[in-house]
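Okay, so chain A shows up in both of these, paired with chain B first and chain C after.
The block that comes next holds the complex of A and B.
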């Protein structure tokens, strides 16, 4: 019964996502909104990729902005300068980004916790500097142009392309975290010393998760390039790493729906209040503080908690006395591993 | 027959010698107890055998294979698994998922197997859930299967930690105070479990403080004091050893 309700909800959201451009296409303002939602979904893919390494494997990467930029540039350069077919360049971009991720992961994943976050942030800053100075690579002030196939020139077509990839990434991530290998990743996040003691090669697992995560964020970068049409060095900005992190924290860490809810919701909201200019980031910060304090598991985690609470009320099932309701803030953030 | 041989094992922390030229054997299919006062080096010994720390000198030989200085995950794969003094579990994950993770070292499917649901991953999932059911029954935890491991009673958590160590079919399990933090009245189930483990053909090595319990449970006792072995033998011999009585057991025996 509950399973059918869940599938029903997914189908409803899917139907809404499919119908959205049809509705928005009716007005001129709406046409612009299609692009907003397309970009929001690109960020959702990037957030899902961060979720794999941060949410499930517990390693806070702050280099995802850089990898997204690397993906975007690899894609544009492959299509524009080398002349590789658009659809062939997409998987190649993912492979290139994953490979660079592997190279970066090899040294940086030997560190733990905050040190890993600092190292990846450093890498991101380096990438920004490199793209800023190597104008032969980044195209300098003129930027790197990307011409897309003519059938992609309509906004709504690109919307559906990105929607397709978002669903694909969601399915891939679901398969990973629900598989046996997913349980190894979650084990590393949950208790690394114990994971090692039961034979899990934690460094290897982290490296796999990081590489897979970079593979997916490379896809987000390529789709970002497709949607923007022109890239400059700023796509590698480390601020994007933090945006992705914030989307993830607010949507819900270690959930599948959370990254999508967080990225689409916040990106859309930021566009709504664009008139406020730089001040909107104040609102951004305020939302973040409220969430960290009151909803540490994000929107999706909060809804889940509410659902459990409501279920308990309706069925009046007694909570067994040996179940402590609250096990400190740390437990709350970590959440239940899968789903 | 000897399963694990310790030869001249030494571990120093700066100037402190935690374990000093230790020699002893763990016979197969038996329960060996390591006892000694606080600070005798018992847990350090487990950390060194289990690969969490590297020894400074000496050799550790499992079933004829030198595993000295191996890393923890490789030691586990070779057949030595352990529990920790302060119960270590994947606390926020359900009991059965804890066991699934414990069995991961015996399954080989990777991320791509998971994404594409390859025949190997399907087969290994089946194999894993079968083994999980076996261990749930063996440790008597079936009722707690769906509960987060951190939320079940302390004594059940101890049994789960043992289950996580057992599920990967080790040759030897190292139990660090399996009844620590559990009320005296609740230790029976754990003692029965330890005996069941030995009877199922897995060698057990246990660190314990509860002397009366050890004298009944162990087939073989090694007594440590300040990192040095002061006695080694069956419970009767150890009890009668004057060195042990003087250094450690006097107050209990008298």
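The block that comes next holds the complex of A and C.
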């Protein structure tokens, strides 16, 4: 794709995202839709954070639901009980989740693959049990309230706040992936033994990625708290870890657009088919199985693959990938994770 | 003292179900290198099948046990064929993620149809007195039923041709293929065996607890704790680990706190994996 066309596409998507609440604000039903899109973008941030650890190091963390809940609670507790300024509490929340992520990452990243996934899932279950039983922390059945500044009381204002942070997270992640540490992350994912041999310390790289990932998911948690206003222990549910994983895999792992497409698209779809109730998640599960078998790179990865293939056929020459997410040696990797 | 003893018996009974589920998990891992994370949910399906056959269908409990085991064996083969076989040869995290999809499918399917917990009557509704303790007969049925099925499985694997083929494949997959053992047939058979064993555990346990759609989730995590402690692919390890975890858990519930019992089991796993990333006993390393 030509560079201008890409920038044009980005600007078009950005313009659509900015214009969306203005259009939706016209109808009463649309106002509710704004909140759906705000929450969808919160999940997109969470999915982007998981992408950092699963997409670029191949380790599937199933603790991101817990970290999101911890982020939401630390934010609400800081603002509500300690009385820290709203905007100061945001980065502090990220630091809290990053620190807990570091503590969890130290033992768990010594393991790989399914072991790591199970270990992080165990951590998530422990967090759920603690929040369920420790009512001082979670606020019990009444939950933990969060008062937001009055200028944030309008839905569309919160929409733009979340949109701003989503773009910020996208830019940060783009920088991480483009930078040297990004290439070494991908090297770790593609071939850990080789990466170690050429001097990339895989444990250190993975730990940095995991901590950064927890930093970002803390932001998602804080924004989730801002949007929902009242929290109960259920925000730490491990099902959310599964949903974030599904958004990521269906959108496209190890791409930048994939997590956003997956989270926003699927969250919106979930709201559309609300009439189906519980059975929505049955469809989710089926889609996940079909994708992991037939399209492990997700929608965005699949489109990209198709595009490269079509381009290769028409121009009949080797085209180097110009996407920021795939600037590593992992072009050959099929599926996710290192073998 | 009799309180302690009754707690130990409850622990052995808890351990019996863990052993049966963990054995299936370790069998599947040994042969196929798959972390069959939906195994606990197959157990849950087994319990619901028991409800359908026994309470709705009016069958005898022991007949229902055989029907459930047969039904779940078929379900296990279907799962292997439809979900795991297409993923063979891919990174093992892919089949783990497929298992998560399967979990969502099974759990929401059941919850969508019947959201409330159900209960199954006890086949022999009486109690026995033993060394000053009082026990439901069903607890003894669980304990001895588990011993029966574990011995049966051991005999099958050690004494029959098919069983030795399974063992050969778990020891050396390439070598087993070279001498003409079919990977596809053996993996289907392993799934059938493991899932039937989980169904047996579910049928034995169901009269003692409520049946709920989420019953498989914590069970599978505990089974993983056991398999990791016992060494992945080791049947002996799964048997010992299962009973030890069951007894420890029963004692922790009685003497420490019942609200935090799961924290206890999963905390052990985190500590063990942190110290020895490949499990406590000699097992295989996950890829």
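Please note the rule applied: the second predicted complex is superposed on the first by the 313 of 339 C-alpha atoms of A that agree within 3 Å, B and C clash if a C-alpha of one lies under 4 Å from a C-alpha of the other, contacts with A are read in each partner's own complex, and residues count from 1 in each chain.
To be clear about the criterion, a residue touches a chain if its C-beta (ideal position, glycine included) is under 8 Å from a C-beta of that chain, and two chains touch if they have at least 3 such contacts.
Since this is a predicted model, take the numbers as computed values, not measurements.
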Practice task
Give one of first, second, both or neither to describe whether A:257 is in contact with chain B, with chain C, with both, or with none.
Solution key: neither
Exercise for the section: Pick one for A:175: touches chain B only (first), chain C only (second), both, or neither. Expected result: first
Problem - Contacts of A:300 with chain B and chain C, given as first, second, both or neither - result: neither
Problem - chain A: partner with more touched residues, chain B or chain C - result: C
Exercise for the section: Applying the touch criterion given at the start, work out whether A:285 contacts chain B, chain C, both or neither, answering first, second, both or neither. Expected result: second
Exercise for the section: Based on the superposed arrangement, let me know which partner A:194 touches: chain B (first), chain C (second), both, or neither? Expected result: first
Practice task
Could you tell me if A:235 is touching chain B, chain C, both of them or neither one (first, second, both, neither)?
Solution key: neither
Practice task
In the overlay, answer first, second, both or neither for which of chain B and chain C A:79 touches.
Solution key: neither
Exercise for the section: Look at A:146 in the shared chain and tell me whether it touches chain B only, chain C only, both, or neither; answer first, second, both or neither. Expected result: neither
Handout entry: Those residues of chain A which chain B touches in one complex and chain C touches in the other
Key = 334-338
Practice task
Provide the residue numbers of chain B that touch chain A in the complex, in ascending order.
Solution key: 50-52, 71-74, 76-77, 81-82, 84, 88-94, 97, 100-102, 104-105, 107, 109-111, 113-117, 121, 124-125, 128, 147-148, 150-153, 164-165, 168
Handout entry: Contacting residues of chain A [partner chain B, same complex]
Key = 172, 175-176, 178-184, 186-187, 190-191, 193-202, 208, 212, 322-324, 327, 331, 334-338
Exercise for the section: Flag every residue of chain C that touches chain A in the complex, lowest number first. Expected result: 35, 37, 83, 86-87, 90-94, 96-98, 100-109, 111-112, 115, 218, 221, 224-225, 228, 259-260, 262-263, 266-267, 269-271, 273-274, 277, 285-287
Exercise for the section: Using the touch rule from the top, collect the residues of chain A that touch chain C in their complex. Expected result: 58, 60, 106-108, 110-115, 117-119, 121-123, 125-126, 129-130, 132-133, 242, 245-246, 249, 277-282, 284-289, 292-294, 296, 334-339
